[in-house]
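Labels run A, B, C, D, E and F following the written order; every chain starts at residue 1.
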Amino acid sequence: MATIRQPAAPEDNPRVKAVFDDIRATRKTDFINNLWRTLAFDPALLERTWIDVKALMATPTELDPLTKEMIYIAVSIANACSYCVHSHTAAARAKGMSDAQHAELLAIVALAARTNHLVTGLQVPVDRAFEAG
Amino acid sequence: MATIRQPAAPEDNPRVKAVFDDIRATRKTDFINNLWRTLAFDPALLERTWIDVKALMATPTELDPLTKEMIYIAVSIANACSYCVHSHTAAARAKGMSDAQHAELLAIVALAARTNHLVTGLQVPVDRAFEAG
Amino acid sequence: MATIRQPAAPEDNPRVKAVFDDIRATRKTDFINNLWRTLAFDPALLERTWIDVKALMATPTELDPLTKEMIYIAVSIANACSYCVHSHTAAARAKGMSDAQHAELLAIVALAARTNHLVTGLQVPVDRAFEAG
Amino acid sequence: MATIRQPAAPEDNPRVKAVFDDIRATRKTDFINNLWRTLAFDPALLERTWIDVKALMATPTELDPLTKEMIYIAVSIANACSYCVHSHTAAARAKGMSDAQHAELLAIVALAARTNHLVTGLQVPVDRAFEAG
Amino acid sequence: MATIRQPAAPEDNPRVKAVFDDIRATRKTDFINNLWRTLAFDPALLERTWIDVKALMATPTELDPLTKEMIYIAVSIANACSYCVHSHTAAARAKGMSDAQHAELLAIVALAARTNHLVTGLQVPVDRAFEAG
Amino acid sequence: MATIRQPAAPEDNPRVKAVFDDIRATRKTDFINNLWRTLAFDPALLERTWIDVKALMATPTELDPLTKEMIYIAVSIANACSYCVHSHTAAARAKGMSDAQHAELLAIVALAARTNHLVTGLQVPVDRAFEAG
């Protein structure tokens, strides 16, 4: 169904193999999901994408791992990316997201969408108090 | 600039006054921002919107207050709602969001948008492993 | 603020003048709004756009004029087009939209956005009953 | 395919059963579509969503039922919610939408999207005449 | 899966047949893809859509054919139109798009989405230098 | 108006100065636009963003510079990023985009948006012929 045919033996390419090895080591799993298998058609694009996903999502940073996944899900919903909603919901689950947290995440996303559309329909002017500096 | 003229004396309407009083009491401030002042043109819409925003965003729930604001900002960015980005960034700041947390929030939103578009361009099929149940 | 400088004397071009004359005659007003003044930089694009807007929005068709404007506003909100929300809200007002109808339109748009995001977050599968044929 | 497994026997939960009973009574059908079956994983979210959908879409209000469904479809298309387009098109059909009305709805949505993008590309400034008050 | 049942024998309608004949002649192929087969339910909508697609995409104009397809793909990705991404990627391939060009197109779309979201999150004010005229 | 106050003397930070120096050298101009001045609040985010923008947009690659800017504009329009539309239209002009090319770019973006919405409203199933491999 993809617009690119997944390479049949992607790891024959050493650059692809290096990225796949790093994904397996970083995530401590043998599972390589379809995004990476599809990106293997262009090793440079695969490398750049993985480096940045790893740096932000698979490395300790300012925000905790579950919060980061929930923000990722929120954006993916608003951008209507079905695959991304699936993959990052699975990731959030793996990082401990409970049913109650999932329900609340969805409720906030839905509330934000509702007031986003209300505000855009009303064309509410920005309050001076909200302007930085 | 709004598509609705803000009522000049919104609190002459007792339903509007009741909502505004509740906003002031809940937020512990005299400041009523333009969203509510504009919604005052229709007291029923004002009431419904405030009740739901209050229940989720101004009441202790499953997720902590700052996480909720960051999710709200993420959706507002993806939906290109300028007012909402302003108002919820101000709210997140008031709840303690640091510059470093703000920068990381924006970096995650930008990364999600990037892979959302990449995935949609590739039309990556959903892995069976991501399907619930 | 536009990305194109509005031609200073657009009606010096006879193709532009013909479109502007038709806008004035069709709408029974001397007012030519900025969309058309800006599109005047490319007479062919101006002509094609006006012909199609006129055929659907300024000609009696299947749906009544106010319903058509409300559908137009709904799409413009979801696409975050500030100018379009302004211009079509003004058009809907001119065609008789009351404050109560405006409030309900916004409430439906906001409700739809809310369930759109909820459904996308849940990735609800389409019921067989909803499939045409 | 959903990100949440539908509860196998959702009506064992009395809060879910109450909502499902109300859906059946309100819509005069035994059919409960997948949105509600999926939302059953969180009874509070199910209740809040149904209460608001019922109040606006299944109760006589300012706008007529078919107009409301068409506005809902318009937003759902612009937000790229496949499930929502399916379910509300089915609802509009059930409320009498003809092929000709459906075609015109789609034509207006498409026209609005076209001018939305044109206007955003041109960054047309809002005419003073469009500002409320 | 469509919201409209494709007419079983669309070319029994002479207006549909004329459009299909023109598609076959213009594209030098017997293949009529599902968009046109579905639009056949409303001959007027079919005609208007084809005339405009043909004029811009199947006729020599200012920009070269492959550039036009790549712009079309970029918009279709950002609007999350799965069918459109598929059909225009196939068209771009038919017009010579290589794997390397495809990868770069996707990389630019992803980069634009990333800075679009960053800029909207920051609410960067437009530089005077960018204003036309 | 931004959600972040631009640092008053950003180049006091050597990491910011290094990026700004590279922007000036790469673009052969003293002008640093507001995106970079605002991103200066977080040197790491500034660096990562500039490195990737430079690699794709300010370095010879597969596609020619003007085509890349037009693709960037197309995405920015669809994502409703006003600043991005302004800045990349200015960049495209600087790289030689004529009025006629600009008009055609906008016409294609508008046509794509139109068929995107039409297809999503119809929920057209993907033709087998469009599937890669």
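List of remarks:
Just so it is clear, a contact is a pair of C-beta atoms (placed from the backbone, for glycine too) under 8 Å apart; a residue touches a chain by one contact, two chains touch by 3 or more.
Keep in mind that this is a model prediction, so the values were computed, not measured.
Counted as hops between touching chains, the shortest connection from subunit B to subunit E is 1. Put simply, the chain farthest from subunit E by mean CA position is B.
Centroid distances built from C-alpha atoms place F farthest away from subunit D. Rounded to whole angstrom units, the spacing between the C-alpha centres of subunit B and subunit C is 27. Centroid to centroid, with C-alpha atoms defining each point, subunit A and subunit B lie 21 Å apart. Taken residue by residue, subunit B touches two or more other chains at 1-4, 48, 52, 75, 77-82, 85-86, 89, 100, 103, 105-107, 109, 111-118, 120-123, 126, 131-132, whereas all remaining positions touch fewer. Taken as a graph of touching chains, this assembly is complete, with every chain in contact with every other. By the touch criterion given at the top, residues 1-4, 31, 33-35, 38-39, 49, 52-53, 56-57, 61-63, 67-68, 70-72, 74-79, 81-84, 86-90, 98, 100-101, 103-105, 107-109, 111-127, 129-132 of subunit C touch subunit D in their complex. Of all residues in subunit D, only 3-4, 41-42, 44-45, 48, 75, 79-81 touch subunit A in the complex they form. Here subunit B touches subunit E in the complex through residues 73, 77-78, 80, 82, 85-86, 105-106, 109-118, 120-123, going by the rule given at the top. Partner subunit F is touched in their complex by these residues of subunit B: 80, 85-86, 89, 99-100, 102-103, 106-107, 117. For subunit F in complex with subunit A, the residues that touch the partner chain are 1-6, 48, 52, 126, 131-133.
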